[in-house]
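Next, two complexes with subunit A in common: one pairs it with subunit B, the other with subunit C.
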Partner chain A sequence: MKLGMLLTTSSENQNSEIVFKLANIALSAGHEVDLFFMDDGVYNVVAKNKISPKFSELLAKGASLSLCGHTAEERGIDKEDCLEGVQYAGQYELACMVQETDRFLMFGGK
Partner chain B sequence: MRLARFELFYSPLCPTCPAAKEVVREVAEEEGIELEEINIMSPEGENRAKKYEIRGIPHLVINGACHILGIPTKEAIAGLLREAQKPKEIKPDRFINIKGEVCPYTYVKSKLALEEIEPGEVLEIILDHKPAVENVPRSMENEGHKVLEVTQINATDYQILVKKK
Partner chain C sequence: MKKVVIIVRALPFNTIRNSEALRCAVGLTLEEENKIHVIFIGDGVLTAVSLDCKEALRLDLGKHIETLKMMDVELIAEEEALNARNIKVSREEIITKPRKAINQAIAEADVVMAF
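The block that comes next holds the complex of A and B.
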């Protein structure tokens, strides 16, 4: 199965931990995982961020990670600031992800 | 004008390479062209030489397209430079200026414009939203269209040429 998740809150929110754990379990069970970071969610994959090693771990396990380049740019986050392997993408890729994944979960709100 | 770029492949063991370097450095300085000297003995240099299928050194690549093997003359470089900077014979069938638009409108407007032309025709897109410079061509290719060129035309604007599938 292909699992997609959208994260739109920053790393201090509990959502980050939930997304990490869900993704980790799905990968361990042999499923494919696609994550998309948008709005404040882009902070999760900034390399300097405390939580970013967890997302590096998901990348190493084969998850695909993309972020919304526009919302990152608005927050002063360049491609170079992000974890290596994270795609600096856009809404088109998010739309494709929703279309292609078997289950799509959204983590947002405050 | 297209920005020019020189890539000079050399080896520290090659006796003719220093002479080639001298000529290329001189032209690069005179014309204000970015020059990169690549040691083919390094792992990165070896990979890049493979990409261009370089079989001998010194070897100069201009704008990733024109090649000179051996010690180049200034005249030969000037000739190829003119060739490399000549605008290509691509005549767009439709033109859109979406400067000021941000993602996802950059993609949406490009896609709508593409719907108005026939398969095989070319759309010229001018935009200035930096993330879109990568995103629009990537999504176009994903849809099966052919991205012919992505060129930075001045400090802020980019031109993208897409051939409809």
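The block that comes next holds the complex of A and C.
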């Protein structure tokens, strides 16, 4: 099964931990995992961020991580600021991810 | 085909969240196999009202709404939320439906994205 997740909150939010744990479990069970970071969610994959090693771990386990380049640029985040292996993408890639994954979950703020 | 529902539930003032929801909806139409519905519920129905955006400290979301209509996206505002706030939808692109019908649309969706 292919699991897709969209994260739109920054790393202070509990969503980051939930997404990490869900993705980790899915990967351990042999599923494919695609993560997309948008809005404040892009902060999760900034290399200096304390939570980023967890997302590095997911990359090493074979997860695909992409972020919305537009919202990253709006926040002054360049490609060089992000974890190696994270793809700079756009809304088209998100649209394709929604279409291609068997289950798609969104984690956002209220 | 996947049925995707975008829920807009927050006030549209002093935030880019609603604009981002609509931008995301526009992006999702780029994959032809996605059938997109945008639903305004609760405080989000204020997004469906034409306002003097500058005076109301609100981003002008009109272009997103026009684009979504052009892409055959169904835009729905919750009747009960409009009535509770004593307002009416003032954009022809947006239709109103009762909460029961909206709940049904959400229940039938393959993907729900709430902003």
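One rule holds for everything that comes next: the second predicted complex is superposed on the first by the 109 of 110 C-alpha atoms of A that agree within 3 Å, B and C clash if a C-alpha of one lies under 4 Å from a C-alpha of the other, contacts with A are read in each partner's own complex, and residues count from 1 in each chain.
In the analysis below, a residue touches a chain if its C-beta (ideal position, glycine included) is under 8 Å from a C-beta of that chain, and two chains touch if they have at least 3 such contacts.
It should be emphasised that the depicted structure is a prediction, and the values quoted were computed from it without experimental measurement.
Under the clash rule set out above, the superposition-derived model of subunit A with subunit B and subunit C shows the two partners fitting side by side.
Of the two partner chains placed around the shared chain by superposition, subunit B and subunit C are both touched by A:C96. Between subunit B and subunit C, it is C that contacts the larger number of residues in subunit A. Between the C-alpha centres of subunit B and subunit C, as viewed from that of subunit A after superposition on chain A, lies an angle of 100 degrees, to the nearest 10. Once the two complexes are laid over each other on the shared chain, residue contacts for A:L6 go to subunit C alone; subunit B is not touched.
In the superposition on chain A, no contact is made by A:E17 with either subunit B or subunit C. Legend: residue contacts after superposition of the two complexes on their common chain; A:M106 is shown touching subunit C, with no touch to subunit B. Superposition on the common chain places the nearest Cα atoms of subunit B and subunit C 6 Å from each other.
When both complexes are aligned on chain A by C-alpha atoms, subunit A residues 90-92, 96 touch subunit B in the first and subunit C in the second.
Residues of subunit A that touch subunit B in their complex: 68-70, 72-73, 88-93, 96. Considering their complex, residues 102-104, 107, 129-132, 134-135, 138-139, 142 of subunit B touch subunit A. Contacts from subunit A toward subunit C in the complex involve residues 6, 8, 38-39, 71, 90-92, 94-96, 98-99, 104, 106, 108, 110. Note for the complex: subunit C touches subunit A at residues 2, 4, 10, 17, 20, 23-24, 26-31, 33-34, 110-115.
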